[in-house]
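Look for chain A in each of the two complexes below; its partner is chain B in the first and chain C in the second.
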Partner chain A sequence: MKEFTPLPDKPAPNDVVGIIPWLRENLFPTPLNSLVTLAIIAFFATLIPPLFDWLFFSANWSGTTQDACTNKDGACWVFVIAWSKQFFYGSYPVEEIWRINTCLLALIAIIIASFKLHKDLRNKIAIPLFLLLPFLSIILLDGSLIGLEYVATDYWGGFTLNVMLAAASIIVAFPLSFLWALGRRSDMPFIRSVSVILIEFFRGVPVLALFFMGSVMLPLFFPEGTNVDKLLRVWIVLTLFMSGYMAEVFRGGFQAVPNGQYEAADSLGLGFWQKTLLIILPQVIKISMPNILATFVMLFKNTTFLLIIGIFEMLSTTQTALTNSNWLGGHSTEGYLFVAVVFWICCFSMSMISSSIERKLDTSHRN
Partner chain B sequence: MSIKHEQSIENNDDIIIIKDLNKWYGDFHVLKDINLRVKKGERIVICGPSGSGKSTITRCINRLEEFQRGSLTVNGVEMIEDVKNIEAIRREVGMVFQHFNLFPHLTILENLTLGPIWVQKKPKKEAEAIAMKYLERVKIPDQAQKFPGQLSGGQQQRVAIARSLCMNPEIMLFDEPTSALDPEMIKEVLDVMVELADEGMTMLCVTHEMGFAKKVADRVIFMDAGEIVEQNTPEEIFNNPQTDRLQLFLSQILDH
Partner chain C sequence: MSEKPQVKSSPSFFNNPRNRSLIYQFLLLAGLVYFFYGIITNTLANMESRGIKSGYDFLFTTAGFDILMSLIPYDATYSYGRTFVVGLLNTILVSTIGIVLATIVGFLMGVAHFSKNWLIRKLAVVYIETFRNIPLLLQIFFWYFAVLATLPSARQSLSIGEAIFLNVRGLYLPGLIAESGAGFVYTAIGLAFMAIIFLTRWARKRQNDTGQQFPVFLTSLGILFGLPLIALLLSGLPFTWDFPELKGFNFRGGITVIPELMALALALTVYTGAFIAEAVRAGVQAVPHGQTEAARSLGLKESRIMKLIIVPQAMRVIVPLLNSEYQSLVKNSTLATAIGYPDLFTVFVGTTLNQTGQAIEIVFMTMAVYFVINMTISFVMNRFNASVELAERN
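Right, the complex of A and B next:
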């Protein structure tokens, strides 16, 4: 009998790998495409030098008042530098700012730890700490519970507030929305209708309307004489709004889990909650990861809407700074650009973290 | 039907007793007056054309499907509308699916230990020892730390069989276990099933592998249009079909 031996692999030919073939293939394949490539290069060549000049080379970096901004052809970063404390910390007492920094460092440490630690340690220590952190931060910033000087929430503000509100609402919204999504799939008519009503209400009403309801209407439901903190009300509204969206994200994830997974779990004799938490939830999270992140980013950016109801988060602090009588030189470009860049950096980092989690969760082709 | 079978009706020790079972999907009558008794240690192969209800009857036995009329008793426990009761029956019955249905987010070992740890409340060490024992029996102990997506179809199906065996079931149900496999992998799965049959496991197997039926089955059941048309020993079924429907079916599947 003849023996079968597979042919050996040959290296790929030279004209399909390397930089020159790549350029020819992607940038200059036809005359029209070459023309478009050249036009785009020309466009950037005229745009980028003046932009960089304004941003960096002619920009004014040093000084403490707007009079220091002598070069009118460059950005006045003095404005941003002078106000940076307010942008990040709001009107939090200067001598207590270490509390905010501690929370921030803790957050960074936990994120790094959860990537570096072994799986078991991560699940037992880093993740519970991560979930508790917003609430620990609130206790630390408030101070009254742990014997530090009490700082009323009226003084909380700036970017700290954006981050804290977003984090605290995400962490509560996550389990809440999962329950709503489960409820929407339930066979029990009462649970199903309650879930549908909640989801559709908080998804269907604009977030600004919800904020106004939170700050004006919600107090009417509390017993007379109780004064519920404004930030607490805003946090409740954000959480419910987020839950409405997330519930639908989870519902999509539920639908993508094959029926066989439920049947296999059933046939092993797992109970409802065991099946849901051990088999279905991990797969739903994995499937929904990109949409969960999109919702997080949306919520994080929506915290800037709070300027409408007079909460001093980063964007409203910027507006206050722009209308300050000492800084009426028209620095709005610098101010808003700074806010945009800070938010972009955060959202982009979240995006990187989420895609790294996606890779970790992907068990389909790991060899 | 043979006299031997008449006798078994008197025997109430049968491990599965199905009486006058009827099931509808909406208006569609999928199972019609099914009566079936399975003795402990009996190996039964169910065959029939698609839509004949052969999978449905199997899935009724561990309540993946509900039925509307009739009664079903598994290992002395009657199937009633009660979660505890259903879970008790499911603990007695292992099931192997056409598409394996392994949990993709868990390693092979975790797939196997999940049931023992969470349902039978065994300590992790003990569950892992059991899991490794069964992985060795299906001849893939070296794959324990991999994920299901990294295994071939035949290996996945063997893991699925091991996963069911870890629960130490009285009965194993197989719902077309080789239909989704490449031809080269069917044998490795059938070998495991034959071994299981030789050890005296009660097995109900929906399959079109007639060689397997001839080799291990005590009884072959032929179903069509929601009823049991014929049941007999494999020799009688294949060599001496009593109905034209079975004759037609056999000629269709054996002709190529």
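Right, the complex of A and C next:
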């Protein structure tokens, strides 16, 4: 029997491949479009050379004081370099910075471990460590409990504070929001209404109002004489705020788990918590992962709002640096640009991860 | 046959789901009562020791501070209640400007994502990904401290046709001053809107009945501009322009937009616009490609496909997203306090709270206001959503 061999594919015709047809198709398809293309090119041609010149070629890179910025036509990166320690670590004592780095490395290590470790080890080691991490970090950063030099929370600051606050809030918000979401789905009317009120309250109120509540109202709620640390109050507020949003994300996840899963777990004779934790939760987390990350990006960006209540996070440090009497040369563009780039890299990479997970989960064949 | 073993027909007390749920709910209730009892007693004790008098009497006492910008007459002799209204109006103003502009920018950029032109497509992507991922507060600061603060002084203002001026003190626009007879023109505008609504209904009914189309858009445009224009001419132009003029060190006359408002509105527009663009993109992408192909095979023109097939289906995805974006814009407008734009938050939670110390009342009132604003947005958008929702056959 003769084997069937298809003829080799014909190459595409010459007028659809190559650079010229691509240009014609994508940049100059119609006269109007060609005009727009030329206008955009002209705009960038006039904008980019001076911008690059200001950013890089004429910029001042070396030096330690403002006087080193001799070229007024270029950016004064000396400002950013001189303040970089404060931007990242706030006024935390220099010789103790290893503690912050340890905490961040531990966070990264645990995140990697929870992806790479075997399932059993992950559940037994990575998850409890993850939940404990905020508390361990506080002990290490504070230092007084374990015999290290005591560093008051007034000295914590900079970009690492943004990262740690956001991470600590989402870690505690995970179990809390899961409970709220469960409460909202519950059959028990009182538990359900309490959950709904909690979730809608923390979602409906501006986060700034929550911060103010934390700083002017929470002290009234505690017994007289109790002095609750400012950063701790912020952490509580951020956690509750995050829980409200995450509870809604989880609710979406719960709804996406097919009913058959609940019924199958019931018919196996699993109890409520076994069913929820062993069957439903893993699926919910998988489905909600992109939205959890998106919510986290929002929380992370919102940590800059802490400037308003006087926490020395990165943006607040920048404002302080800009009003420092030795640096009054109008470096606001450089400062904001630097902060923007740092935040942008973090948020953009997280949204990339989120959309890649989404693509992996998306099994529809729509297009 | 052996006898059936005796099985207790009813489960033990604690295994009965009804009893259980009652116990759990009772425990939660008890916990909440204990929690609130603790909070309330502590708060009362704290307030007493700090000498704070609770109640809303402070709303009627004289405020004694000035506000940078007010839409209604206000000076330091008015009451705290008045400051609340001034702040509320300023919040509504900046939110409205933000919502309208962000919607325009968002839809333009969202549609630009599907342009035939590669450069425009990439520009849209760059815009979305840049501004979505930079904290809003940073953007506000950027516009306020790095852009608007470097504008020229009043004497060297940038100007367009000697009517619009832009300088470090703000944006100056010519204003319209109404004279007697203006009411006639306002009535004409109202009539024009009513006529358009009536015309749209009539045209739709006629198309449903007879299949004949009526050029609604052009006729509406004609009515919208024609009717007020006729009224304007008949009543002898009862409006005069009030141009801003440089007097001394500053401009007088016209409408002044303070830089705080400009920076806040710009940042809210650009930031929320990026999210709306993303929503529009998601909405259009959610329409299956088969819909476009089917429409093409019916012989519809590309512009008609967009209007009749793609947009109505995309709106179902876009509208709920718009709802939440609008709400977060209103909530984000509280960042005004960082640059001193006198919105509700700055005026009330900021200055008034500092002066009176009525923390609980003020925070409660402010939260209630944002709740009400967001409920209103939600209500309007849900009504709108119902009109674009898929009408399935029953």
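Definition applied: the second predicted complex is superposed on the first by the 273 of 367 C-alpha atoms of A that agree within 3 Å, B and C clash if a C-alpha of one lies under 4 Å from a C-alpha of the other, contacts with A are read in each partner's own complex, and residues count from 1 in each chain.
In the analysis below, a contact is a pair of C-beta atoms (placed from the backbone, for glycine too) under 8 Å apart; a residue touches a chain by one contact, two chains touch by 3 or more.
Just so you know, these numbers come straight off a predicted model, no measurement behind them.
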{"item": "Touched partner set for A:K286, first chain B, second chain C, both or neither", "value": "first"}
{"item": "More chain A residues in contact - chain B or chain C", "value": "C"}
{"item": "Touched partner set for A:F190, first chain B, second chain C, both or neither", "value": "second"}
{"item": "Chain B versus chain C as contact partner of A:T304, first or second or both or neither", "value": "second"}
{"item": "Chain B versus chain C as contact partner of A:Q274, first or second or both or neither", "value": "first"}
{"item": "Touched partner set for A:L51, first chain B, second chain C, both or neither", "value": "neither"}
{"item": "Contacts of A:A264 with chain B and chain C, given as first, second, both or neither", "value": "first"}
{"item": "Partner chain(s) touched by A:N33 [first = chain B, second = chain C, both, neither]", "value": "second"}
{"item": "Contact residues of chain A, present in both the chain B and the chain C interface", "value": "366-367"}
{"item": "Residue ranges of chain C touching chain A (in the complex, touch as defined)", "value": "21, 24-25, 28-29, 32, 39, 42-43, 45-47, 49, 116-120, 123, 129-130, 132-138, 141-142, 145-146, 149-150, 288-289, 327, 330-332, 334-335, 337-338, 345, 349, 353, 359-360, 363, 366-367, 370-371, 374"}
{"item": "Residues on chain A engaged by chain B in the complex (per definition of touch)", "value": "258, 260-261, 263-272, 274, 278-279, 282-283, 286, 361, 363-367"}
{"item": "Residues of chain B defined as touching chain A within the complex", "value": "62-64, 83, 87, 90-91, 93-95, 97, 99, 101-105, 114-115, 118-119, 147-150, 163-164, 167"}
{"item": "Footprint of chain C on chain A - complex, ascending", "value": "25-27, 29-30, 33, 36-37, 40-41, 187-191, 194, 204-209, 212-213, 216-217, 219-224, 297, 301-302, 304-305, 307-308, 315, 319, 322, 330, 332-333, 336, 339-340, 343-344, 347-348, 351, 366-367"}
